[in-house]
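The same chain A turns up in both complexes below, where it pairs with chain B and then with chain C.
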Partner chain A sequence: MFDLIIFLVLLSLGYGVGQYAERRHYRSIIEREGRLNALPAIASRYPPIEPHYGQSLVIGSTVVSVDYFKRFLAALRNLFGGRVTSYESLLDRARRESLLRMKQQAADLGAAMVFNVKYETASISKGRGNTIGSIEVLAYGTALIEQRRK
Partner chain B sequence: MLISNLELIPGRRVVEHLGLVQGSSVRAKHVGRDIMAGLKNIFGGELKGYTELLQESRDEALQRLQRQAEAVGANAILNVRFSTSSIAQGAAEIYVYGTAVILD
Partner chain C sequence: MKYRNPRIPEGINVSDRHPLKELLVLAGGALLLLVLLSWLLGQFGGRLARLLPFEHEAALAPVSLLSSDAGPELQAYLDQLGGRLGSQMAMPEGMEVRLHVSGGDTFNAFATLGGNILLYRGLLEALPHENALAMLLAHEMAHVEHRDPIVGIGQGAAIQLVLGLLVGDPNLAVLGSAGLYTQLHYTREMEREADTEALTAVQGMYGHIAGARDLFDVIHMQRERSGREEMPAIFSSHPLDEQRLEAISALARERGWSETGEATPLPAAFRRWLSEAAARAAEARAMPGLATSPSSRVGRLHRG
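Up next, the complex of A and B:
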């Protein structure tokens, strides 16, 4: 009985706080995406030949964790199969956040664009049962910085 | 030292390839951070402590990469890739590798 109460409290805490945090995070992501829209991130491997750009490696990374409620939903999903929407939104947030951090770093350097953008996802705390404890998303690319002619 | 994940640098020619260089770093979190992360597992959201930790770890791996490239006499590292793997509960390895070259 006591266990059940703890479970329900954790579940509702996870739901309440998790939903609130997610909504706030999405608002901030959309706001910053609008601001950094002028700086394109391109997945192409070949940079433009002219004009000459300076280069710098830029990196953005985020570690996020799923909340208790979503983990419960995902565990239910494991029974029936299908899309695990609760994890999808988690990964989406992490990817967009990482890309934004990378772009921010590039913008601080005064870059015109970011080339050869690559993503790398790793789950860093495996082993607690078979849940995704937390995941890290890393975005990196080469910032091309316009240089003044001497 | 120019570090880039592009395969070529416009306007500059690769004079000599010096082969693969690499850097890696394994870090574990201390208990305080693990407890905070445990709490975050209930509420969800970003684990700032881990983000910082991995960033430090990545910087160190990059430094090692750079040191190795300097040792072989390169002046640039091209086509740099990152890879992260969790090797044990609470420890992660960051691995960076790339091609050391001499640009003219």
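Up next, the complex of A and C:
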């Protein structure tokens, strides 16, 4: 009985706080994406030759962890199969946040665009069953910085 | 070449389905699955348990819980009554019923493995006449005849085992836990069949079923007095006393049994025998080194 109460408290806490944080995060993501839209992130490996750009590595990294509610939902999903929607939004936020951080870094360098953009993920809790599952989403690319002609 | 990032519409990588709705659907599905699985396993366990020969069932009986506090006279009287009832019932070959009396004041009586029936002084004292006692005995004997105790344990064990494995804490010592024997719960179906069988036996013996009603009245009154927690096992799976009484009346009408009739009194010494049993139980409790004497142990388990 006591365990059940703890479980329900954790579940509703996870839901309440998790949903609030997610909504707030999405608002911030959409707002910043609009702001940084002028600085394109391009997947192509071949940057334009003219004009001559200076180059710099830019990275954006996010580590996300899952809340109790999402984890429970995903565990239930494991029984039936299908889209694990509770994780999808989490990872979507992580990807976009990483890209934004990378773009922000490029913007700070005065770059015109970022080329050869790639993503990587690393599971931090890999191989350890009982730790909280968290992963890193890393976005990196080559910032092209316009050179001032003398 | 012009490079730019178009705005990608929301909701492609993310589903806009409400998480609570998802939770409701998934949890509901899981619960349904669990209930279905439990039911199936229960049926399977019950069926399997029924295949166990009665002689082997006797070996599983919780002997330590069942030493009787009854004196020789009370025991002889009960055995005689049980014997007469048994001759009215279609007991299979080799099935033997053993009656035990506990001196404890618990208001209860139950049939357990190996044809053992335990009657508590608390319930026996409340019975107004022999017909009610006969109904009680016949009801428990019918459970034995239908092999309800082993089926109940088989069902419980199968469910407990698999649910335990699912939760990750399998309690494999299912038959080892003594609590199981006193916490047997029979289905409504089992209780109804036991009632029918018992009524048939009582009718055959006395020519009317007046005692049956009185037994249920006694139990009903006790329940009103003590609240639901201390429901006797005989009524545990019946939240509606009225329904059961109606079923009895309907059966009586259908078979042309009389619901009224002269009740046979209990033997004059019946109450004395019971107080002797109580004294014997108290003595056993008071004896050093026997803190867990059989009767007190059963009583404690029941309350727990």
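Throughout what follows, the second predicted complex is superposed on the first by the 144 of 150 C-alpha atoms of A that agree within 3 Å, B and C clash if a C-alpha of one lies under 4 Å from a C-alpha of the other, contacts with A are read in each partner's own complex, and residues count from 1 in each chain.
Throughout what follows, a contact is a pair of C-beta atoms (placed from the backbone, for glycine too) under 8 Å apart; a residue touches a chain by one contact, two chains touch by 3 or more.
Everything numeric here is computed off the predicted structure, so don't read it as measured data.
Aligning the two structures on chain A places chain B and chain C side by side, free of any clash.
In the overlay built on the shared chain, the residue A:40 is in contact with chain C alone; chain B does not reach it. One of chain B and chain C touches more residues of chain A, and that partner is B. Using the contact criterion defined above for the overlaid structures, shared-chain residue A:104 touches neither chain B nor chain C, since it reaches no partner. Of the two partner chains, both chain B and chain C are touched by A:48. Look at A:92: by the touch rule set out above, it reaches chain C but stays clear of chain B. Of the two partner chains, chain C is the only one touched by A:83; chain B is not.
In the superposition on chain A, contact is made by A:13 with chain B only, not with chain C. Nearest C-alpha atoms belonging to chain B and chain C sit 15 Å apart in the superposition, given in whole angstrom. For the contact definition in use here, the residues of chain A common to its chain B contact set and its chain C contact set are 48, 70.
Interface residues of chain A, counted against chain C in their complex, comprise 15, 19, 30, 33-34, 37, 40-42, 48, 69-70, 72-73, 76-77, 79-80, 83, 85-86, 88-89, 92, 113.
Residues of chain A that touch chain B in their complex: 10, 13-14, 17-18, 21-22, 25, 45-50, 52-53, 55-57, 59, 61-68, 70-71, 90, 97, 115-116, 118, 120, 122-128, 133-134, 136, 138, 140-142. Looking at the complex, you find that chain C touches chain A at residues 1, 3-5, 7, 10, 13-15, 17, 19-20, 22-23, 26-27, 29-30, 33. Interface residues of chain B facing chain A in the complex, by the touch rule stated above, are 2-11, 37, 40-47, 50-51, 54-55, 58, 80-86, 88-90, 92.
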